[in-house]
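Pasting the structures here.
Two complexes are shown next, each including chain A; its partner changes from chain B in the first to chain C in the second.
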Partner chain A sequence: MKILTFFSLFSTFLSANSINVEENAGQFFSSGHTNNWAVLVCTSRFWFNYRHVANTLSVYRSVKRLGIPDSHIVLMLADDMACNHRNPKPATVFSHKNMELNVYGDDVEVDYRGYEVTVENFLRVLTGRLPPSTPRSKRLLSDDRSNILIYLTGHGGNGFLKFQDSEEISNVELADAFEQMWQKRRYNELLFIIDTCQGASMYERFYSPNLMALASSQVGEDSLSHQPDLAIGVHLMDRYTFYLLEFLEDIHPASKANMKDLFKVCPKSQCVSTPGHRTDLFLRDPGSALITDFFGSVRKVEITMETINLTDLIKEAEQNPMNEKPQKVTYSYVDQLPVSEIIHQKPKQKDWHPPDGFILGLWTLILLVFFKTYGIKHLKHIF
Partner chain B sequence: MAAPLTLLLIVAVTIRAALYRSSLADLISERVEVVSPLTAWKRVVEGLALLDLGVSPYSGDVFHETPLIIYFFHFLVDYAEITFMLADVITAVALYMTVKDYNKQVFRKQKYALEADRYPLDCLELIRSPKEMYYIPLKVAMFYLLNPFTILSCVAKSTCGLNNAVIALFILSTIKGNVLLSAVFLSLATYQSIYPLTLCAAALLYLMQRQYIPVNYRRASFWWFIAQYAFMYLGSLFVIVCLSFFLLGSWDYLPSVYGFILSVPDLTPNIGLFWYFFAEMFEHFRLFFLCVFQINVFFYTIPLSIKLKEHPVFLIFMQLAVISIFKSYPTVGDIALYLAFLPVWSHLHRFLRNIFLVSCVLLACSALFPVLWHLWIYAGSANSNFYYAITLLFNVAQILLVSDYFYAFLRREHHLTYGLYLKRKDGSEATLVLK
Partner chain C sequence: MGLLSDPNRRRALISLLTRLNAPICVVCYMAGVAWFMGLAFEPFTLRTYMSENAMGSTMVEERFPAGERALATGREFSAHKKKVGGMPVDWLVKTMQARGLEVFTQRFSRTLPFPDENKERYLVKGTNVYGILRAPRAPRTEALVLSAPCTPGDNNNQAVGLLLGLAQYFRNQVYWAKDIIFLVNEHDLIGMQAWLEGYHHTNTTGMDWSPLQGRGGSIQAALSLELSSDVITSLDLVLEGLNGQLPNLDLANLFYAFCQKIGVLCTIQGKLQRNDWDSVSGYSHSVQTMMLMVMKQASGRPWGDHGLFLRYHIEAATIKGINSFRQYKSDTTTIGRLLEGMYRKLNNLLERLHQSYFFYLMPSLSHFVSIGYYMPAFGLLAVILLLRALDLWVQLATPPPRTEDGVADTDTLIKSAPSQMSSPGVLSVLTPLVISHLTGVEVAVEHFPVSETEAVVLTAIAIYTAGLALPHNTHRLLSGEGTEQGWKVLKLVAVLYLAVLLGCTALINFSLGFILALTLVPVAAFVTPHVPKILSAFILVILSPACTLLFSVFFFQELQEMPVSFIDGWMLFLSVISQGILDHSLYGSLVYPLIALLVYPCWLLFWNILFWK
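Right after this comes the complex of A and B.
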């Protein structure tokens, strides 16, 4: 009797588990991504822009802590603050005053440094159009199952972001780059965070699907920096990224916090500027997108004793017959410009001659003056 | 005097021909002190080439010469060297004949004044004799032809030589008393570059005195003469401008030539004062300072002509100097023209006060120009301030030279009226001060 109840309990337990596994299996693939990438860019140089490097390194730290490996992070820092001559504490970049948190260390791998951080390089990283000699660490090798986090910080304005004090990227360029990424199936979902002045203008022009964007300030507002450190002498962090870092410190890989919590980071009372976000291009509900979908590289591992039959799906795919033969598209070139004819054609040498009227007029005048000076009576000596 | 003059001409032509054949010709024709955007030979060739390609030579910022120069060089571009040597020769001969005639007049006036007993008795040593004045025309021609500035300008084939020839012919025709030719040559000179307009006043004064018209603005004959001269001048200028229109069929030479001279868009360094100033100026003030600088050239005409009413030839000298110093694109060729006149005033040497300083500064600056240019442009260890400092110093030296001669001339005139040894009322020795 006891064995029977035990066995029935065991079977109900198993069946309940199996139901859970099926559900979990469904949930397993619900988010749609299998790998995570991060592109973290700091666009300003010079010592007084310390806070932008600190911003980027803080996000780098959080993203690494939550699981994204260095091989999947493209870190672009436009200047070296840790080894800057003016850094009173060399080899450190602090993100909190009183030097509480050093976000630099010997495990920071910077992929694009100094003058390599240009608009061209940034766009090439995003679209993947890099020369073949580019090492893997400098490439964004994402695929259509990648969730990408893109974080930009620096100085910006209405519709542009300044790179390196000499060039700028516009919101249209950025939107077009993301569209290229979508067309080339380089991302599954993309989270775009920007911490600059008038940052909301940078995501205004996005038109590709599966993009979610957050900005630290609206158009017409400036993003402000958080606190200066009197020992180092510069502002250490920007407000938005400071509160973002505080928020992310509470996130761990198993956290179920979703994007709606991220939108609440840094309200106007703390940030002075009004953070903005854009979710209309994002196909899922933002509430269902976990923070770790973008900030972490969470591998979903469920240990189960059950087997799940995946072969049904494979059989379905095979049943579609390959009936259509690949159509041969013949390419034809447009008629070439007849270059050889053009370059061998010498221009006709037209010699310019002064008009006859001019010559006539000029010499008449000269003769008139001559005879007025020397008298008409000389004429009779000539004729 | 024909033989020494011919010898001088042959020597000058030989020197120029020798320099043409040497490798220095290319080097010199690129020096910014010798050629300016207005006068460079490279630009003339460029403009003619553009014309052969069917494009207006005034398109773009290359060519800033007048259409008559286009016509002139269209046929003579292969004989350019001979043309420029000939221009120098014509200038020298014209100056020679001018100064000979002027000397005659000076001597004649002096004779009348002596007979009229107008000179005080102690200034007899200031009276000039034909013996000392005999070699002055030759010296003038020599000063012009053998001046290193002129030689450089000729070897560089700068059209400044042609401008100088026209101005010299204008001065010759004025001194000879030919009103029509004077007006025609002045209009040609003004047509080439606007600044000789200021010589109008001097020419008027001279011609009126020669024809014994009293220089008195209340008299009708004064205004009648001015009207005649102005009519001839403006008429010939109008005719030349219209004729230039018919050469190319368009008016674009007006902004390219006169707009360029007046609005100074090209700030290539030269020996003038404009480039540095306008390089560092804010756009807002550019028009204002442009007006100030351009008025500065024309401004000295009236005060100088009032002061030098009796001495129009000295006025011409002063005006030429003022033009060469303050024009928008001066070159050393312009300086050579007024330096050629210095032997005419060689009798003033006892009253010149700064001549040693001025000559040293001029020599030193002339030597330093290429040095600091090299340091600035090629070595990179100097900057534009160094070059501008030398430019400033050079111009200050020129101004000092001219004002020194002015002082000496007026002082001599004063002595001729009031006696050489001036005494104050109590009998002690007095000194003359130029205020």
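Right after this comes the complex of A and C.
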């Protein structure tokens, strides 16, 4: 009896599992991506911007730990911290004070270093327009099934990000670059994280589908630094990335944490600035997007002892008669210049300022002098 | 018609100007003085803040441990100094080499134009010793300097000891991105001038020095240390340099920030900061501090060894240790930590200090007034001169009213008046100008066959006073009698000349320009041949540059709370003049030539106008 019940339970379990496996087989590509890429950019140089390099290297470390290999990571750093003459601990970049965690080492592969980190190179990497001599390690060889993580950090302002003290990238340029990527089918979904002052202004202008964006502070707010280290003499990390790193340390490749947890990272009490996010262009529900969809490279492997029947006869593709028009699949593209949207766009709610006093005064003065000189009675000769 | 081209309106405007000229001048003068006094009022000042991003906050860990050892080194230095009777060059070279520095020496010699009575020297010969700490990993393109003067007697031994202690500590660190040069200079400013000239390959003062064998890169910042006691109660910061030049405010901000972090009492002009700015005594305290700075800046002499660096665009300051009767004392280790912190922050610099102000006044160490705030005070005084010039121009342009009879035609007179104006005008103006300047040149370019300070100074004063007799002589050179127009033209030229002179001076050395303006502008404004002669002659002499200097000497002593009697004040006045001449020949200070060649002749022109016949 017992054996019977046990056997029946076991068979039910197996059948349930087999149904599961079938379902799982169907769910294999529910997220739609097959490979992961990461573009990590630190846009500052000089010793007092140590924390930006530490930010980027911490994210690099997490992303590598969760599975994305170096060949799929494009790392752009000025890389002048570890061997800086002012570094009391040469060849290290620490991300925790009291030197707990060294994120530099000989397994860090920097693809664009020093003065190669420019706006032009960044945009060329994103859009794929690189000269033929560029090595593979410097290219973003993504396809339309790639999920890409883009992380930017540095000094920024309302609508721009400063690259190495000499140039800027604006939010419009960035939005257009992403649109080019979409039209060239270079990504499936893209997660954009930015940790700068007024970072939310950088994702305001996005208009391509399947973009999700996170920023460390709103327009008008500064992102603050964290982890002052007295021995090294600089701040080691920025607040947002520090708490992001702490959050990511709890993620492992099999973790089911989703994007909604990521939005909760670093609330105002910890970050002092208000982090923001944008999901309206993302076609899936953010709750169904896993962290590892972007930060890790999770191979979908299910080990099963079941046999799955894949032995449907392969039918030869029938020769379409010449007179029949082949079925054309039309792709729909987003309008390159959404003129109607621009025209009908509601103006941003800016604070109303009274007209500039100086201009007013100047015109009043001019008018006064005019009337004084020519007299009111001469008006009729003029008009 | 236009506002200015309508003759009616123009006449109205001009009559307004001539009618109200004197009241407006008085109001402007009062406003200028009031503005200047208001600068020390704390709500009108700004708190100091670090402008340079690379230096950031005081986030640095200072770990200098060896204060006691530094004091022992200082005692050794003093013993060797007594044994040698001057600078112990060999001991210094050996000690610096033991600490791992690259050591070099420089000999220099200079004969002063006449003996310096304050420091008792005439034929100066000396040696500078300096050691370079090379940055372990950096290219040798930039350097920082720490210097301590070697003075005879018991002074500054602890400074040299601390310098050597810091050299040893710094040598063990790997984070230096710039070379650090540790300099011990002999004969304070003369030695420093010789070293700087040798370092930068310039020779502006005719000193004799041996070329430097070793060099660092371009110097980014320098600190000079004066410490004569084992423990201190406060640290004083000295900023004023040659010709009234000041270092970048960021250096003072850095010092203040570290003082607050480490907890050492810090002062400027030797005066402690007070918090009660709204009380009368608090306000007068700030005014005193600011006036001390103004006086020191106006004198144009370097008030510490750092003063000579500023000319080479090197930001430098002097830190003096003061041991007074307070209870809370700080030891040498604390001073060493403060200097270590400051040097680590200066090490982080990527460019020269340039983000903060170069022209400022400090009523206290934590508040400052920038050039944009203090220049209007001078501007208001300069406006008086321009108003007077306009007034004179208007008077010269309108023909004088005919009150005499026996004149042929008003038309012919009006026609001939302009031509009459020009010829006596030029001659009567040029003559006093030339003679005044020649007197000035006499004062400035004396050759000194007599090598006695007193003789030199008294000769200068004698020529100065002889210039007062000029008016009686210039008239002999004139062809005819001086006319009414003549003195007006002369005064117009003189007033404009004074305005330009004071303006240029105020741009370079605001304090000097302002003090000269305070006394010379009233002179220029009110002097005419028609004011009562004796009284105005007296006032003119009181307000002349030399008397201004005399009063400034007394005022300066009062501010420092060391008032002097009249005899001592007079001796001090004479020594100030001699120091001025010496500064000019030794370091190229411009105050004495300016006063003698330009300001004094200008004042003589007004003296001429007073005695116009």
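Heads up, the rule we're going with is that the second predicted complex is superposed on the first by the 289 of 383 C-alpha atoms of A that agree within 3 Å, B and C clash if a C-alpha of one lies under 4 Å from a C-alpha of the other, contacts with A are read in each partner's own complex, and residues count from 1 in each chain.
Please note the rule applied: a contact is a pair of C-beta atoms (placed from the backbone, for glycine too) under 8 Å apart; a residue touches a chain by one contact, two chains touch by 3 or more.
Remember, it's a predicted structure, so these values are computed and weren't measured experimentally.
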Of the partners chain B and chain C, which touch A:Lys268 in the superposed model: first, second, both, neither? neither
A:Phe46 contacts which: chain B (first), chain C (second), both, neither? second
With both complexes overlaid on chain A, does A:Asn87 touch chain B (first), chain C (second), both or neither? second
Name the contact category of A:Gly233: first (chain B only), second (chain C only), both, or neither. second
Partner chain in contact with A:Lys372 - chain B first, chain C second, else both or neither: both
Overlap the chain B and chain C contact sets on chain A and report the shared residues. 369, 372-373
So, in the complex, the side of chain B touching chain A is made of residues 51-54, 68, 70-71, 74, 178, 180-181, 184, 239, 243, 246-247, 249
Taking the complex as given, what residues does chain A use to touch chain C? 46-48, 83-88, 90, 228-231, 233-235, 369, 372-373
What part of chain C is in contact with chain A in the complex they form? 1-3, 53-54, 56, 59-61, 135-138, 173-177, 344, 347-348, 350
Under the touch definition given earlier, write down the residues of chain A that touch chain B in their complex. 347, 349-355, 357-358, 361-362, 365, 369, 372-373
